[in-house]
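Labels A, B and C are assigned to the chains in the order they are written; within every chain, residues are numbered from 1.
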């Protein structure tokens, strides 16, 4: 293709070799360690005297499918807003998530369900693996367009391990509650990506400003991502909750929170927009903040009003973040946050963690009745007071921020290895370096670009 | 943006202030009245001696999610067929539905589940709230492109209340059966929108004819809406049906009815099309009429053949409506029905109500066995004959038409308040008045327009 | 429309008349034969002493909905990659599947559930009908762009019957296991389509080469199809499996297999691509091969490692097929395989059948415990050894290939009937012959075409 620098064989071969290596390695580890659990193994399941209706599959699989759609369709298309980076957004999401879910099955398995030398898998491990893939994709959002697929796979390799350890520390060691992952998924994924973006700072990126925007149809594709994320977020937060009232209440709270964040996003977007116009970036992203903000507290006694208030606040903070904070993040802190994950996952994630601190601190035996055992087992068993649970929740937030920041610092150094196939500044936010793009785009896409670079026309 | 009139501060601030006001008001009302029901409250649920598997969540939530997709993806993208109104179609659907579901939770709660001073919520209230949002979006379809978001929110404010009262009169006072809402949702939403469109009649709209059509990709986006609506309609109609055979039979009937309306739509579209060509407008809309027409009778003993026949008829009537009746509606009755909701929801809704009259009138103890209690409790309990039930069903249709027409008449006067931020004729069907549209569209969109207005080129 | 030949009335009327005839005929047959089964009939269901929670609906309907999305959204949009054939891809998928599911309900009903003169229907018949529609759409993929809707309906008429008979021979007569349809759906559908394409060979198609490619947005629409197929494939393979561990294990195996085929597809695509670039055709298709390859063995004791290995192999073979084998298929064997169904469904289907032979041959009472009854009832009951089951599985593959090839040979002769409304070579891969296409396309689409046909410009 004229005008595009050919890559050396050493760079061209990185992606295929890394894919083959990673797939081979996970396959070997699967062979050694991964086994069907008692709900998926025919001998184990039929040895017990269960009714088939009692199989976990029927309680979790519909939620899993919704989460699965969010991870692949939701994140993939949400990131397809860039005018010349749709193939990469959707395609690399596909690749990264497909690797992350295998790798995470191993890491989370070693940490959470390693018994007698084996990892046992079923629908719960599928949900957890998809959750981890979600965190990786959040980080991807911060560095979208500025990294090659090899770098992204290496990021996933590292991030999945750190995600698993952080999750283990929070949920298993600290007894923190975080069903929908305000901390473990959103805060972790966002700050991991932001610190990574800081380390990979590219001062010359301004020149590509035209490619960092959307065009009409790319915005509509992105809305497919937004709407599916919005619709299935109640399933996301409730997927790992306790069965019965736990899943039910979590879904309901998330539903209310999202509806409120949508209204506050429209309000704020019109308020701060030029001539009162709405900005698609806000609608596509900030309207989702209501799902993030109740990730921790959604299973608790948040109350329907509490869900509305939380969502309202999250939508407001997120929209204002896009308008006022993202520019500062780049100019002052040298953090180029392509998708604004700080506004959608970072700040709302922290708010969600703090809301969890508050609602946990207010927990009483009276409010939860015998359901307390499911939401706060340590309080129900008398091992902890509500205040102590709240303090643990808060500590979990700091642990998460620490893991994300330090881990991403190391990750950034890894991704800066000079032989890695990273796109040059001039080819950032551009599909053609990694994809065979059908002819028309070249013609069409050059058009609008030229019109914005008058000096090249003369 | 050059060429676009700037709006005054009074108009620019209407949307943000209305969003904030409405969200604030619903939040206050939620705080005062809305509580978790016994399936979502941990203390209440665990006080009873239920198995977690018995929680309503597992029987209704998958259906709810399908309905949710229909309301937000289905209606949103179906209306995105307009070439320069995709942001508004998808975005205002998002806004309207997010408000309507909160507001409807309150209104339906006061009317249907107000006990001891509180509204109790759970997955059934989520389904009902989404149903009401669906009716609001049907009305939106009739006035699409000709109203601003402020007007739409005011419409929703009024329509949700009227929807709730009409539903209460039909289901609770008259004992009418209408699980899938042929009357309460489709007929009500369509005629509300049509009367509204009549009151808001704009004689000068002809000039915008070029913007009222589709372009190639906008038609493909609209097909996303169509197909998801078509796929999940069996869940829509069956979501509130009685558990067990009721939900199962309703889904099955809807599945057959839709497949028949698809074939009749293709047949009729090719038959009346120029040179035998198919018209995307028909395929996108009339193929769905099979879902509308079995909304009332889907849970009854319609029989598989009855479902096919009903769907066939609905697809036929709907396609012919688009071809022959919509033009008359505008020229003769001054009703500008942007999406043709009269053809997709209006006529098939009335047909569906009449089909319900017929099938209810044929109900026998023999055909339904002990299942009669679930479908026609009043007949099963001996309070009503099948004929009497049929008469009540018919009366329900007239009540619905009355509520919709009178209510929309009032609504139209409200929406005509001169200070409301309504788009001028020249800016109808145009995203740029309410949205910051990425640059490319301006260039591209002007292109085709100019080629169709040769006099402006000279 | 200038430049397009008008069709004669005899041709124009074929589609509407065939639709009406087919719909009328299925309706009459439904009236005569199709009845609600004991889970959908109110009298039958309530006569038994079931809990409503035991209704098959709750175990199968969520899977059905996922399958439904795959058939209509998945196949429809996957085939929308062609730059000027999006309306036809999505629209004819819609039409074909809507007819096929009715017709298949009858054919499969006569063969599998005909008792006392009636066919009894419920959620299982819905799943099976959708499966058959899937096979028809696979065949459609091979002849995409080269046949008119009348021909496609005739193809469906014939293929559904042959599909039903082949399925009956395999599952009922030979006792072959094939839950996810590696043989009955994928192998059958692919080779039926390929042989059909051979019979309908058009030597002059080269001239349309420019229309057989994609453009940027058509590739993104196709990715919607890909991703939804990928996401819901675990539901596809597990939809008809035994309840409990059977469905659970099948979903899990498919999930792993797909993740591995995704990585191997990315690896191979970059390896064989020009300058190491990824090819969208590979990603859109070969990444799905992991779902096809475990269609037979997914419910068996494949083990998680086995699933990864199978997926890896399938993705590799499929990608290499697109790169090296498809061109030979056309040049050497005169098979023009528009969507490359040989690579996505054909070869992976055969691999999947062989994998089923292997895994069935390794079945032991020890590995399956009491679950053996559900997976291999004939082995569990002592009527067959594992080796004998393996031989039967292998024989099933040959039966399938024979039925598909001979049937498609006959079908090809039917579709070549000279009076059928088949597109001329010059109008292949072109929406405008069957659809009213909005104006813009004509302008836009001519553009890129002209630029590629310099001789017509001069």
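Methods note: contacts are C-beta pairs under 8 Å (C-beta built on N, C-alpha and C of every residue); 3 or more make two chains touch, one makes a residue touch a chain.
The shown structure was predicted, so the numbers you read here are calculated from the model rather than taken from an experiment.
K.L.:
Taking all residue numbers at the chain B/chain C interface, are over half used by both copies (same) or under half (different)?
P.N.:
Different: fewer than half of the residue numbers at the chain B-chain C interface appear in both copies.
K.L.:
Tell me the rotation angle, 0 to 180 degrees, that brings the C-alpha atoms of chain A onto chain C, to the nearest 5.
P.N.:
Fitting chain A to chain C on C-alpha positions yields an angle of 120 degrees.
K.L.:
Report, in whole Å, the distance between the mean C-alpha point of chain B and the mean C-alpha point of chain C.
P.N.:
33
K.L.:
Can you pull out the residues of chain B that are in contact with at least two other chains?
P.N.:
Residues 53, 58, 62, 217, 224 of chain B touch two or more partner chains.
K.L.:
Hey, which residues of chain B end up touching chain A in the complex?
P.N.:
1, 6-7, 11-13, 15-17, 19-20, 22-23, 26-27, 30-31, 34-36, 39-47, 50, 52-53, 55-58, 61-62, 65, 68-69, 72-73, 76-77, 80, 86-87, 90-91, 94-95, 98-99, 101-102, 121-123, 126, 149, 217, 221, 224, 433-441, 443-445
K.L.:
Along chain B, where are the residues that touch chain C in the complex?
P.N.:
Residue positions touching the partner: 53-54, 58-59, 62, 66, 83, 213-217, 219-220, 223-224, 227-228, 230-232, 235, 242-249, 251-252, 255-256, 258-260, 262-264, 266-268, 270-271, 273-280, 283, 287, 301, 303-305, 308-309, 312, 366-372, 374-375, 448, 451-452.
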